[in-house]
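Multiple structures are listed underneath, in structure tokens.
In the two complexes below, chain A is the common chain; its partner is chain B in one and chain C in the other.
Showing the complex of A and B:
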């Protein structure tokens, strides 16, 4: 029988509390949960046959819900769905091999939760505004003075497209800078992705102390007031999925 | 999931529908972009792969060229030659796509943090 790992956590402070919580929950396919430990770190696992683990919505939600329930009470490193190991002994060896990395990561995320911040725009409106700016830039002398040919016309159009894209990215960079300035008071660890889709111009994840949720909401409301043409969506608190930085060996 | 995870969803852009539409479109694109090589379509599958790489390199060359043009360091003659080269490259690429019955969408790949190729 294989073991599926849900999360890794430190049980140094309150092992009884963890055992009590595991007794109130069930794993995938209603299996009992238990821990496999090495020194003060433990993996929360349940038994499962490899062939019974189906990657469907029910199991994925069950898996995420379990991690979330644990994260409400403990600092946990969430493990990727479908992480199966053949035996408890192998899990123990894995914890031993990666002990320092796990400890360091647990320290980084201690008492912290993740928030997602997405910024959306009306793409047509934003493009129209930026196009005006891009076209207002003066042309370089060597193109302007050149006698017109199909090749210079072609290059001129390409240059306009290029300037438009650069302006768009610069505009998004300005917004990111403003967001980071506003968020500075919360002292977050943050990661940004730009231009995720035509509408989703910023997709950020923030790692904040658990008690900073309300402050974070206030900051996002301030940003929304400053940028009425954009839409800000804040989600969370999540287990720190995007701040796990371990390649388990 | 426990509670409602959306803490703040404000502004004038209609998020819910647009976000979902974008995500579905992205998943569909990712599915379509997969290289499906079988004995029956080896030629077109390989053409798709090769042309995707060629298009990626062409776009990078074009981007770099535009930076140089915008920097103002090129002479009139160099600009004329560059325009001709880039235009012919684009036309040749269109020819090849037509020959192998491929569209821009077929050659699109996600470049991670850089976004989509097309």
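Showing the complex of A and C:
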């Protein structure tokens, strides 16, 4: 029988509290939950047959719910869905081998929660606004003033496309800078991705102290008011999924 | 007021959640096995889920290779 790992946490302070909580919850396929520990670090696991672990919506949501419940009471490192290990002994050795790495990560995320911040735009509106600026450039104007030919048309189009992309990125960078300035008071650890899709211009994740939720909401409200043409979507608080990017061997 | 900002929309929240469960979190190198059923959890038209769709496709491919090679 394999073991599926849900999360890794430290129970130095209150091991009874963890056991009491695990007794009130069930794992995937309603299996009992238990811990495998090395010193003060524990992995929350349940038994499962390898062939029974199906990546469907029910199991994925169950997995997430369990991690969320644990994260409400403890600092947890979420483990990616589908992580199976063949024995408790191997889990113990894995915790022992990676003890320092896990401890450091637990320290980084202690008493913190993750928020997702996505910014959406109306791409046509944004393109139109930026295109007007791009077309007003001196170099483009000078090409336009030359004798029209197939070559100048080609050059003009390429230059316009290039300038448009440059300005779009510069515009997004300005918004990111403004967001980070607004968020500074929250002292977050943050990661930004730009231009995820035509509409999703910013995809950010923030790691904040648990008690800064309301402040974060206020900041995003301010940003939304400042940029009425953009849509700000804040989700959370989440367990710190995006801030535990360590590989455990 | 808060509802405008903290999006409680069920669909979006589920997409965000699945994206995290399937794509994020600690990776245990060497021991991961995953079975993939007929996936009903991804809505391909939603760009938010693209990374998860790609993951599922990779997992499906990996699974079929494993099955072929016994």
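Here is the rule we go by: the second predicted complex is superposed on the first by the 238 of 249 C-alpha atoms of A that agree within 3 Å, B and C clash if a C-alpha of one lies under 4 Å from a C-alpha of the other, contacts with A are read in each partner's own complex, and residues count from 1 in each chain.
Everything that follows uses one rule, which is that a contact is a pair of C-beta atoms (placed from the backbone, for glycine too) under 8 Å apart; a residue touches a chain by one contact, two chains touch by 3 or more.
All of these numbers come straight from a predicted model, not from anything done at the bench.
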Chain B versus chain C as contact partner of A:50, first or second or both or neither: second
First, second, both or neither for A:199, with chain B first and chain C second: both
Contacts of A:224 with chain B and chain C, given as first, second, both or neither: both
Partner chain(s) touched by A:61 [first = chain B, second = chain C, both, neither]: both
First, second, both or neither for A:86, with chain B first and chain C second: second
Chain B versus chain C as contact partner of A:8, first or second or both or neither: second
Partner chain in contact with A:69 - chain B first, chain C second, else both or neither: first
Chain A residues contacted in one complex by chain B, in the other by chain C: 61, 64, 118, 196-197, 199-200, 217, 220-221, 224, 232-236, 238
Residues of chain A defined as touching chain B within the complex: 61, 64-65, 68-69, 72, 115, 118, 120-122, 140-143, 145-146, 149-155, 158-159, 162-163, 193-200, 213, 216-217, 220-221, 224, 227-236, 238
Touching residues on chain C, where the partner in the complex is chain A: 1-2, 4-7, 12-14, 16-18, 20-37, 39-41, 47-48, 50, 56, 59
Footprint of chain C on chain A - complex, ascending: 2, 5, 8, 50-57, 60-61, 63-64, 67, 77-86, 90, 94, 116, 118, 196-197, 199-200, 217, 220-221, 224, 232-236, 238, 241-242, 244-249
Complex contacts: residues of chain B adjacent to chain A: 1-2, 5-13, 15, 18-19, 22-23, 25-26, 62-63, 66-67, 69-70, 72, 74-76, 79-84, 86-87, 113, 115
